[in-house]
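In what follows, chain A forms one complex with chain B and a second complex with chain C.
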Partner chain A sequence: MNHYLELLSILILLSSFILAAAKRIISYIWIFRLQSFLLVIMAGYLGAVNFRKEGDIDILIICMVILVVKVIYIPRLLENTFAKVAYKVEKDFFLNIPISVLICCGLVMLSYFSIFPIDDLREGVMKTYLVNSISVILIGLFFMISRKKAIGQIIGFLVIENGLFIAALLSAHSMPILVDLGIFVDVLAGVMIMGVLVFRINENFESININKLRNLRG
Partner chain B sequence: MQNVLYIPVQLAVMLLLAPLVNGIIKKIKAVSQKRKGPPVLQLYYDFYKLMKKGTVVSETSSWIFRAAPYIYFTAILTAALFVPVTTVLAPFSVTGDMILAVYLLALARFFMALAGLDTGSTFGGMGSSREMMISALLEPSLLVSLFIVGLIAGSTSLYEIMKFSVLSGITILQPVYFLIFLALWIVLIAETARIPVDDPSTHLELTMVHEAMLLEYSGRQLVLMELGAALKQLIFITLLANVFIPTDIFVQGRGFLVTVILSLGFYFVKVVGIACVTAVIEINTVKLRLFSVPNLAALSFAFAFLGFVQYFVIGR
Partner chain C sequence: MNYGSLLAGILVLYLAGAFAALICPRNVRLGNTLSQSFSSMASLLGIYLSGSLLLQGPTRGLVYSHVLNVPNITITVTIDSLSAFFLLALSILTLAVSIYSRGYLSHYYHQRNVGLFNLLYNFFILTMISVMTSGNIIFFLISWEMMSLLSYFLVVFEGESRENQRAGLIYLIMTHIGTAFLVIAFMLLYQTTHSFDQSQLHLWVDSPVKNWIFIFLLVGFGTKAGVIPFHVWLPYAHPAAPSNVSALMSGIMIKTAVYGLMRFVLPMITPGYEWWGLAVLLIGTASTFLGVAYALMEHDIKRLLAYHSIENIGIIFIGLGLSFYARAAGNQTLCALSLAASLFHLLNHTVFKGALFLGAGSVHYATRTKDLEKLGGLMKKMPYTGFFILIASLAISAIPPFNGFVSEWLTYQALFANLSSHSTASQLLSIVAVAMLAMAGAMAAYCFVKLLGVAFLGLPRSRQAAEAQEVPGSMKTGMGVLVMLCLVLGVFPRPVWVMLDAVTRSLLGQSIMNGAQGGFFYIYFPLETTVSALSPLMVLLAGILLFVAVGLLVKLLGGKFGQRRYGTWDCGFDGLNARMQYSATGFTKPLRIVFRGLYRPTRELRIEEGASRYYPESTTYLVTTRSVFEEYIYAPLISAFTKLARKTRFIIQTGSIHDYLIYIFLTVVALLLYNGFNN
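Let's look at the complex of A and B:
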């Protein structure tokens, strides 16, 4: 059982590496969709195990909610927003891609060095899970600060949320269902508001490059 | 008995199978474009015809140009001996491991690049400089991946590594092996001039890398160069097939000859499978700009590095 969960958590980490190496906004959205889908598989698997053992369906419900919200709704929302704003092909990142991928490697090392000294973790495999999920959070954070365009930053935010969810799912078999649902509503509202904001930024500056927000500052 | 059989079997399988892989990939690509495409055995016919033709050598070229095909081919053929097609037969006991195999491939590449430069044609020089850049970018991830696999198995000999894989089940399902598999797959694509890095079907285009170095060759020398390239591709495919998807566990416990034949049969199926997947990838991607190749190489290195973290630091 642990084998497959470990493989899935690695795959999620890999998808965030591929995200860090992606160049186009459309491919960000697709990779995010893929990552969320992996999350759905993971939640479905854990949910099924939990259902058979204890007969509660909380994780399965959450799995369905992720499928609807993160795999279908949010990517489509972002695609629509992206289709409406003027698209100019321009460089979207501050650091070039090989360097940002190497920095992501460094972040994995960082999360390892912060997790490893904790002795009370139940078993070795838990450390793997935590290192992987905290790396996903850090990579999302790095992605957020390394992209110039607003949609890239929204994706970074969503990846951070994915990372938090994996950490909760793998270390504590998910949070109470009310907390999880609350977080999803938050994320959904946040993304919708950000989508509108992207739209407004585009209207005012004719670009979604957030560097232009500083135009009026001295 | 086993040691005696190893070399003939290895050479026969490698040399006969190598052009077939290219044929299969070309056929799948053609079918996907609704063309009929050349027959699967086209490369063998080409080689047969080219062997009968004379060679034309440019007057300005030196001995390097004439020696390069032989060095290229022998180096790759020697490297092929270190990558067993089946773990049933034990290899000969000459000292040599994966590091030797990797650097024999590097030697072959070095002479190919020299030959490209030697005739002084503009295409050749361009191809050589690009090839060297790509190989320099990919060598770290190739070696890191092989070292990790070697560390897990506790040996640098590829035969020992493959034997270890056979004992530990379908290894690709383990996280570390999965990461290394992805890293090596990217190396396979880049080293064998496949599409995201180089387009094998172009001839006389500004973007070509591998073809540009072979432009001046003809006749028998061209056969050696082409067959060498096909062999190199098969070496990488064998590595992926036997280390990551070991099947020899299924054939144990039968008579010796039956075991060997069954094992080779499984090997053939795996090679064809990997060729099919490579073809599908090639159909679905476009060629990268040359200056985007570092991104791919960085990703490959990152995968290998993650494998290292998973294995070493977290312990497994």
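Let's look at the complex of A and C:
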């Protein structure tokens, strides 16, 4: 079973690379949807295994919640938001794409460098999982930095959350269900608020470029 | 008697006092009466508990401890002799203040939330008790911080005016700076001892960090005590607070700092650390002189009293510094004597400063003003208040037979005894301290002549002063309790000596009672020699005899003189008015000339010309003095700090979300790198 999980975690890492290389906002949303879908497959697989072994349906429930929230609802919400504010096409990134991808490679190396020497991890494969998921978190954070528009920040935030979730899922077979559900509610509320804020920013600054927020400083 | 249940009783009564007034919000009067009676009862219990603990000799006292789930935090209540002495001072003061507040708070009825006030007031007292009785450093810090915050809320209780808000802010900032230093000191302490238990203090290791711990403790506690140069908050906070709160703050809260120094620094002293005592002595000497010097220039009664608190804390610090020094130098007798002098003065200051602040509150209650230049002639209208303030003024000016005299005499004796010490620096400092103490005594008398003469004698200078009426009975009783104690402690100090003996025996293992003799005419030889001795009762009798003798002599030699009631000759003008009187500003002019360098006075005369230059429309005469410390120490510090804050805003706090994200990113990367390199 480990091979499938390893493959999935590498695919998720790969999807974050694609995200870092994406140029259009609409493709960010699609890539996020893809990543979340991979997450659903991973959770479904783990959940099924778990159910067969211990009769535990917690992970399956969470898998359904991810499907509804992260694959269907949030991307659609973001698409709607974007459709309402996208009347200008601007360059959305500070660094060009090749450099971004190179930096992302550097981040993966960094997390490998940091995680691999830890001797206490149970199995060798756990290190790969952790390297991949921490890389996803770092790439999400880097993505937030490198994009100018508010939707980029929201996607970056969601990718960080995905990375955290993979880390929890693979290393500890998910957190207690209450914690997981709590986190989903947080994310959902956060994204809805951010979606509203994007409207407000657009109204006030005629753009969703968050650099304009600098003007708010007292 | 079971002390544990007594302590629980005190706790319950204060809690009842805190919530009693909130339970009946409709009937404010009943709520206030209930609340103050509860806290008075609690104070009586407190006096009984601490008094009986002290009179039964040195004690490790009762220990009540409750271990919490959190590591290092235990709620440990320990009452040893030192705590009991502070608890006694606190309870005496709170008894008087609670009786007084019953009447004093009536001017808040239906204007302010008296229930809230009583809640804060009772909790404030409770936190002070827990500061004095805590046996664990963390618990001590928590109580200390709660005490500071509650007193802040009480200071800004009348917080509508900008002035009071500013006073509260200054107080809050200063007290937090002090707490920050304390936290650093305690952390250093933990690093060397690995224990937060106060009973382990005597096991402190000798390490080079000790000097730093002392410095941080001195700054931290010094800020709360209000010694120079950390005194800036005192003259603002005391006038802003309601008078009963000022009495508590000046009377006992600033003394918790002295308690802290005695509790934490005294056990740390070993030979080789003589400079600690000298530093405290120097600070005390400076505060004694500068406190009274600034007090003379103040015309706001409560600011004036606040500066006198600085002076008296200085006197307490002189005794404290001497005892630190003597302990390091190995002179146990002097150490015990000066510690006793310091503690005795502390108790006395609690009593007479409490009475004075309550008196100032009564004046404010009756006239709605604290400005001396608007008062006058109150002695006829408020005879009781006037009399009480007179007695308390005599006590604070260290005039026998009142209590201030006894403790200042002891301080002098300790200083004289130190003249035979081996180090030149300490001899020199003792001489300077004696001179400063003498000068401060004279200037304090001068200052209270000003206060009494301007506020209570002569003609009223404003309509409010002319219409003043005597304050209600409960306020008179509250002041009366303290004033009576001024006399009793001054004439019969023996019980206090016995209690102090218990303290020094439990703290230092040294008795101070070896030089006590006699029964009714009690004589005390502090140095166990026959060089100097004090018998307060004899002093009183001698005073009375002298008074009678002089009276007789005048009667015999002065011939006949009759009494005639008649208006004062007014040089032919039609009637004397209030503006012809000596003003407080005018009265202190000689000192302004003598200490020009300190006060840096400026004066300005503005004349509005009328029809002829011999008949000006109006003249304004403005005298200002400047505070050297605020101008040359605090102002540069504040401006440097605001500059730094402004720079931070432009360099670090840019307002760009990307910058903030980069900070997070770099931190995470740095942590990962750290982890990688460490494995």
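Here is the rule we use: the second predicted complex is superposed on the first by the 213 of 218 C-alpha atoms of A that agree within 3 Å, B and C clash if a C-alpha of one lies under 4 Å from a C-alpha of the other, contacts with A are read in each partner's own complex, and residues count from 1 in each chain.
Operating definition for what follows: a contact is a pair of C-beta atoms (placed from the backbone, for glycine too) under 8 Å apart; a residue touches a chain by one contact, two chains touch by 3 or more.
If you're wondering where the values come from, they're calculated on a predicted model, not measured in any experiment.
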{"item": "Superposition on chain A - do chain B and chain C clash or fit", "value": "fit"}
{"item": "Included angle at chain A between vectors to chain C and chain B, based on C-alpha centres and rounded to the nearest 10 degrees", "value": "150"}
{"item": "First (chain B), second (chain C), both or neither touched by A:Leu14", "value": "first"}
{"item": "Touched partner set for A:Met144, first chain B, second chain C, both or neither", "value": "second"}
{"item": "Which superposed partner A:Asn204 touches (first chain B, second chain C, both, neither)", "value": "neither"}
{"item": "First (chain B), second (chain C), both or neither touched by A:Ser27", "value": "neither"}
{"item": "Touching partner for A:Asn80 - first (chain B), second (chain C), both, neither", "value": "neither"}
{"item": "Nearest Cα pair across chain B and chain C, whole Å", "value": "14"}
{"item": "Chain A residues within the chain C interface of the complex", "value": "94, 110-111, 113-114, 117-119, 134, 138, 141-142, 144-145, 153, 210-211, 213-214, 216-217"}
{"item": "Interface residues, chain B side, partner chain A - complex", "value": "173-175, 178-179, 182, 294-295, 297-299, 301-303, 305-306, 309-310, 313-315"}
{"item": "Interface residues, chain A side, partner chain B - complex", "value": "3-4, 6-7, 10, 13-14, 17-18, 21, 23, 97-98, 101-102, 104-105, 108-109, 112, 116, 124, 127-128, 131"}
{"item": "In the complex, chain C residues that touch chain A", "value": "649, 653-658, 661-662, 664-665, 668-669, 672-673, 675-676, 679"}
